[in-house]
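Some structures are shown below for you to check.
Each of the next two complexes has subunit A plus one other chain: subunit B in the first, subunit C in the second.
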Partner chain A sequence: MTVKAARGVTLYSFQQAYYLREMSLEDCIAACAGMGAYGIETLAEQMMPGFPDLPESFYGQWQGWMERYGTRPTAHDMFLDIRRWKDRSLTHEEMVASVRRDIDHAARLGCEVIRVIVITPPEVIEDCIPYAAERRVKLALEIHAPRHFDDEWIQRHYATYRKYGPEWVGFTLDMGIFVERFPRVIAERLVRDGASEQMVRFVVESYDAAAGGSGAPPDLRWLRAEVEGRGGNAQDLRAADFAARMLWSDPARLRDFMPYIHHVHAKFYEMTDECVEYSIPYERVVPILLEGGFRGYLSS
Partner chain B sequence: MFDRYMIVEDSLRSTDQGFAFDIRITYYRGVALSLIEGFEVTVDGQPVPRDTIRFVLRGVAYTQAELDHDTDGRWEFGEIATLVVEWPGGLSSGVHTIEAAQQLRISYLPGPLRGQDTKTLLLAG
Partner chain C sequence: MAHVSLVSREVGRTADGMELRLRSPWYRSLPLSSISIEVRVDGAAVASERMRFCVNEHDYRLDELAGLYDEFWFVLDPGRLRVRGVEPGQHEVEVRLCLRIPYLFDEETGEVLTIQSSRRQVVTVPQKAAVE
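For the complex of A and B:
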């Protein structure tokens, strides 16, 4: 286990270069090490072709890369194809088997955490906790917009996890639940794509006015009808949809969940030259994580 | 997500039965073949009957029914596959506009994930 909070990279951030075969998996790892980010989060289904049947030789090669570049595996991002078959959903047992497969993979990589995809039912996670403990991998359900701490589904998970304590189960926190200002880069992009400056300004001001407080996250689904009523074009409506999809929740709410936060997706929309995220108040979230004893990775 | 890279540049060629071109997945991970719900192809504005499209991966051709039942095979992220289309008479050499779409069944999304791309490709004479 890491002794204190540390920064890392999710190779999701390199996906386009990998997709176009401009970088290999090893190139991505080397690039992270080159910028001083030694914690490596991976998506097996993205950059480890053959998963879940990876050969022994792959894991040997992986260990070799970790040694050569001085990097450490942090999290494995798992998926659950509940609708793997066209005509039926996976049974409970099949879902448990799928998660156990991911636990095996994460343990083989040497990861401390699995980012559990949010659709995984709490009962499935519950039945996987003993195996996760045996393989010493934490199951961390991702809290990602539009879900937040007080969302009913997250609360159902939390109620289950509290029966077991935070050692092997908990959450991955996506920083996208703390969007306090409409991302400037998205607003500018919408205008470039044909939205009107005036309508985008209205959407941005509406979002910014609603976000930032304590209490329940604001619901901005009304914006679409309003933009439509004002004669907005298709790109204006996209702006309204962005605003409705983004989420502000009060970082103070994080305090109650702290021992259960095992991993953070430290995403950013626009990191300024001053190393300040334009939309997400990192300076108010990170202290809560540190005060709460967070010892995982902030994975960007 | 990677829609604009779906149709691979310079990949249009003639076959005995019609034509073929290469494609990539538009989603951010690879998927089991059974998650592929189908492909749509239009050439120079004319839609291709869906049952004449074959998905070819690593030299193996699949019908849609075969994809539906293959939960083990995987189309990997960024991996180049081919759509082989029956097109009686073939295509003339020269420039053709190809539109292609793919639909994937992603369990955490309410409906199919649709990716699409349109490219103008040159069929060498």
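For the complex of A and C:
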């Protein structure tokens, strides 16, 4: 844990440059340090060839980079390939073994947190808590749209976690659950791709009117049929689907969960020149995090 | 994400055919069991027995891939697809690559998300064999 909230980067954000071989793993780390974001979050399956059987030499090289650039490992983003086999899902024991493997990796990197993929069943996490505690790694299930604090799945997890307290288990909060305005960059892109301006305006206005309140998150799945009924084309329907997949939930709800928030995915759709996110009200979320004693990383 | 071309423009010649280089169109490594590949050359489907997929310094039959749950296709590594029975010269090649994403599935139906990429382009198989 840091002594106070700090900024970091998930190297997921460099996926395109990495994929196109414009940047290596080391280049990504150096770039984060260069912009003053010293917390480094990684995806082993993306940038660490050979995972899960990484050689000792890799971890040595990793420590060397952390020292050279003054960076710190924050979170390891874990996957659970539940449907690895075509004819069956992983068993409970196989899932536990897979998560333990990830705990070992996170501990070797020096991460304090694992971003637990949301599909992980609560019983699997429960059976991994002692193992994580021994290795001093927090298991933090990602709350990502369309899920939010009050949906059934997250509540099932929360009920399990409360039996153990927040020391080694909790949540990664994705800021995408606080989308208050339809992202302008997505609306513009849809129009460039062939959506009609009028239909996109209708979708944007419908989204913006429904978002922003304090009750249960709005459900905009009705938009697709409405756009279809108005004769929308394929791109118009994509606009409706975007609106239905995005989520507004009231940031005030975060207060009750604060001790369990271990990590934040501080995503943005459009950071304006004034350093204001167009769609997500950071200025109303960050104070809640700070007042709640958050000492992890805002990882962008 | 922006894709590099699924199939590289450079085509190699093997002793009895051609070699195409394929990039994975997904952002993280996937088990080889996630991969299925179909190829047409000059409009005709190529039987899978005529192809081999080479990755991680191994050379696999396509029907072997389904069993390889623990070996990964890393995102930066081109897979080399060797197709037997293709003569030197110009051909129209169509590759369809299908990836099952083992952690994305419908919770109600259990159906696994499948990503399909395809690419059709004219290639020239060199007269001289450049690869073993």
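Basically, the second predicted complex is superposed on the first by the 300 of 300 C-alpha atoms of A that agree within 3 Å, B and C clash if a C-alpha of one lies under 4 Å from a C-alpha of the other, contacts with A are read in each partner's own complex, and residues count from 1 in each chain.
Keep this in mind: a residue touches a chain if its C-beta (ideal position, glycine included) is under 8 Å from a C-beta of that chain, and two chains touch if they have at least 3 such contacts.
All of these numbers come straight from a predicted model, not from anything done at the bench.
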For the overlay on subunit A, clash or fit between subunit B and subunit C? clash
Look at A:226 in the shared chain and tell me whether it touches subunit B only, subunit C only, both, or neither; answer first, second, both or neither. neither
Touch check for A:21: first (subunit B), second (subunit C), both, or neither? both
Based on the superposed arrangement, let me know which partner A:126 touches: subunit B (first), subunit C (second), both, or neither? neither
Which holds for A:85: it touches subunit B only (first), subunit C only (second), both, or neither? both
For subunit A, give the residues common to its interface with subunit B and its interface with subunit C. 12, 15-16, 18-21, 43, 45-46, 49-50, 79-86, 117, 119
In the complex with subunit B, residue positions of subunit A that touch it: 12, 15-16, 18-21, 43, 45-47, 49-50, 79-86, 117-119
Going by the contact rule set out above, which residues of subunit B touch subunit A in the complex? 2, 5, 24, 28-32, 34-35, 37, 68, 71, 74, 76-79, 105, 107-108
The residues of subunit C that touch subunit A in their complex are 1-2, 4, 27-29, 31, 33, 66, 69, 72, 74-77, 100, 102-103, 105, 110, 112
Touching residues (chain side subunit A, partner subunit C) in the complex: 12, 15-16, 18-21, 43, 45-46, 49-51, 79-86, 89, 117, 119
